[in-house]
Amino acid sequence: MTIQEIQAYLAEFFDSVELVGNGEVKISAPAKIESAGKGEVSFIANEKYLRFLGETKASLVIVHRSVNVEGFVEGRSFLKVTDPYTAFVFVLKKFSRPRIMAAQGIASTVAIGEGVVMGEGVAVGEYAVVGDRCRIGAGTQIGPHAVIMHDVVIGEECTIFPHVVCYDGTIIGRRVVIHAGSVIGADGFGFAPQADGSYVKIPQMGIVEIGDDAEIGANATIDRATMGSTIIGKGVKVDNLVQVAHNCRIGEHTVIAAQAGISGSVTMGRQCMIGGQAGFAGHLELADRTSVAAQAGVSKSFLEPGTALRGYPAQPMRDQLRHEATLRHLGSMKERIDELERRMKKLPEGE
Amino acid sequence: MTIQEIQAYLAEFFDSVELVGNGEVKISAPAKIESAGKGEVSFIANEKYLRFLGETKASLVIVHRSVNVEGFVEGRSFLKVTDPYTAFVFVLKKFSRPRIMAAQGIASTVAIGEGVVMGEGVAVGEYAVVGDRCRIGAGTQIGPHAVIMHDVVIGEECTIFPHVVCYDGTIIGRRVVIHAGSVIGADGFGFAPQADGSYVKIPQMGIVEIGDDAEIGANATIDRATMGSTIIGKGVKVDNLVQVAHNCRIGEHTVIAAQAGISGSVTMGRQCMIGGQAGFAGHLELADRTSVAAQAGVSKSFLEPGTALRGYPAQPMRDQLRHEATLRHLGSMKERIDELERRMKKLPEGE
Amino acid sequence: MTIQEIQAYLAEFFDSVELVGNGEVKISAPAKIESAGKGEVSFIANEKYLRFLGETKASLVIVHRSVNVEGFVEGRSFLKVTDPYTAFVFVLKKFSRPRIMAAQGIASTVAIGEGVVMGEGVAVGEYAVVGDRCRIGAGTQIGPHAVIMHDVVIGEECTIFPHVVCYDGTIIGRRVVIHAGSVIGADGFGFAPQADGSYVKIPQMGIVEIGDDAEIGANATIDRATMGSTIIGKGVKVDNLVQVAHNCRIGEHTVIAAQAGISGSVTMGRQCMIGGQAGFAGHLELADRTSVAAQAGVSKSFLEPGTALRGYPAQPMRDQLRHEATLRHLGSMKERIDELERRMKKLPEGE
């Protein structure tokens, strides 16, 4: 692809894409600014990387339109845009190819149940299992060794990586990506305590529903509802090793980082941002655009949209940061009390 | 099933099951009170749901025997019991069917080693692997793609979901459920540090033993002992993504919520309740009925039965809650010290 | 094996291995000191186990050379060394056998892509999938159901357990062990926020590289880099359910305990020790030999080699322990302030 072609491609997303340099140079791959070489494209979005303007061996660098690139065009070209980071993401997309999972069409070793309906162009990898009455949408890829139990619906153009397990009844939207090893729809953790100290299992009769454009990381677990559905909204992004318990409802475009744990029946709004290893007590509710810091422990509902939470138990960021600042002064507080007591003792009536 | 039949079924568990309404109405499914429809059964166990008495479209509602249902019987019937929640759990059990894992009998694609003994009615799904000398008890279901390595013993009526891996030598009791993706018996994390900074692996020669009626969630890991056995007691319930390290002994009917991590050689008593994401240092001991709050970090043994622990480092609930309450007053403590110093300065001998 | 043979074997690792007792006794297995029986070998490395000197039924006990075993040799023999723990680890290694994964040679059900190169003695278990152009080094074992996507390189004498998934392009060194269910090279968690609240996926075009002698636990996840490589150094040990995000670089012989989570672009030095459930913010750097306590939350870089960190936010151990000690006095600080205020009020000008 030539620099001019990249310029034209970016012009689909940006009002203005200014070229400085030679548009006919061929670009073969994207790369990091510090390691990019001849024929590669990189970007600078952060001032502290501006020193690479004159050092990088990249043939093309995408920069903010305010950057003065004069004096750096010897052997390099530049594209100037309002948002070089996003522009580079689009360049990455242009150069990336869909991942191939050792399968074209439906491998001869796939175990397909009765009454399965597959759309056009579905690819299913070696040894995958597709249970009775499943419906797989056109253009969807299912990796080798995925196990799709019975009565599962998967929409168009999804990518289900190897070793994913979808329990019976799971409903998955369009363009959903599920990475290797994730388990969708296992039983929720529900047991009724008995007088003798043992437990009776509460049957988990519901399902999991995952909205369009969601992405689930590797080895994550999303449990089926006791009744009804555990819901992962449209566009939700769930990272590796995240636990979403039964009956949760995760709002659209919410992002949940690795190893976070969402207890049962939590309702989370749209566009929330949940940090890694954060934990949530059951049955609570978070408003839209709530953000939760990594490792925070959220123990109650927060119903004000846009609240930033942090700490254990989690509280609004400003309160928590003030609290943490005070904590840092704890040693000096103790010394000041010592000193006050010393002085008090010296006073005639201070005893 | 008619309401009368449900009444008769519940009478197996409760001394008194009073019917108010029409016992001949047919019930087809259980449902949540807020979404239940005609022909469905639901329950009310919590006062705040009593408002649904007159709103729900459920044909049958199970309530506490103290609830006055007069005036609500138009189109509805009621069963009155001492514990409507548990009664509903039994109703769920009645309506639930064993999960089918795309296999009846032993699929032709199962790879079976030498000397394997299978009980009557064993079902093994597509592509599962059962290693040499395994013994699988009658009525046990093994899902597609499970890998049971050699010399594993699985008792009667177990359910092993797809993609479970049992390493060699694992011993599993009766009626055990293991959800998809869990790994039983991988090597414990044992490495002996060497003078040059590298490590020598300590061979993990023991096994894992899981007692009757235990249930293990999805993508959990239970490591084999270095020597002897890592023991999961009878009736223990382990949630998704939990880590149980080598040489642990988990007492009967203990419940461990998602993402908790139990370090090596921990001994836990019976009927403990461990919150999500809680962590445990190695080699410690917890008495029977210890409860540990979510995200707590337990750093030492607690030998008094029935202790509730919370916080980091975890301490008895009462101490910890008092500590957390004091923490909340930290800001005002600082202000009070400021004020004391201000006054002290004004005193003649306060300098 | 006789005791004399064990003595000779240990003499390969220790300058002096003194035998007290009968060297011709046959030893069949290693065991724990409290449960060892006739014909078994155990060890005592800790003073509090010295009471077993006269109680154990082990035929051979390895002890420190300073231990006086006179009076205990009736029916027992002893080997005296400078480091009985390490000596016993070597004995374990001697008695342990390589794990067999239900496969000898390449099972007939293995799905092998085009252009695959396998070294001598490679064993691949039932139903494993090896993608196009993979290269598998001599002596490597790949378990049943492992999925090795295309263009993966695995070195000599590795052990890849069942259900491991290696995404395309992964590069693995020699003698690497990866336990069941781990996912190597899934997409990093990178999404560019858009003005409408949705996200555009950032293509993850890099790979994962794992150095020689590394060991990865069960159900761990190591994400591929956005560009370039996520690097797990030589000899690194990663426990179960650990998350290593995209673009991380983990230095040689670093050890990471279960459920720890390393955010994107973290650079960790050599010989670090990371406790269970510890978390790390993105883009930070840790010097060589940094140790991080379990459950700590590391929020910034620590560039001084050998620093021990603890707490949230993590700080050097001494500061954090002092802080925790002060925290424990918080209740008494409050009482002292109460008392000071009471006295102050009594003073004539104290109001």
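Order as written gives the chain letters A, B and C; numbering starts at 1 within each chain.
The rule is simple: a contact is a pair of C-beta atoms (placed from the backbone, for glycine too) under 8 Å apart; a residue touches a chain by one contact, two chains touch by 3 or more.
Quick caveat, the model's predicted, so the values are computed rather than measured.
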Residue-number overlap at the subunit A/subunit B interface, same or different (half cut): different
Between subunit A and its twin subunit C, rotation from the CA superposition, multiple of 5 degrees: 120
Subunit A-subunit B separation of Cα centroids, rounded to whole Å: 27
Where subunit B touches two or more other chains, by residue: 127, 145, 163, 181, 219, 241, 259, 277, 312, 327, 330, 333, 337, 340, 344, 347
Residues of subunit C that touch subunit A when the two form their complex: 111, 113, 127, 129, 131-132, 145, 147, 149-150, 163, 165, 167-168, 181, 183, 186-187, 189, 191-192, 197-203, 205, 219-221, 223, 226-228, 241, 243, 245, 259, 261, 263, 277, 279, 281, 297, 312-313, 322-323, 326-327, 329-330, 333, 336-337, 340, 343-344, 346-348
Contacting residues of subunit A [partner subunit C, same complex]: 30-32, 35, 85-86, 89-90, 92-93, 95-96, 99-102, 107, 109, 125-127, 143-145, 161-163, 177, 179-181, 213, 215, 217-219, 235, 237, 239-241, 252-253, 255, 257-259, 270-271, 276-277, 294-295, 312, 324, 327, 330-331, 333-334, 337, 340-341, 344, 347, 349-351
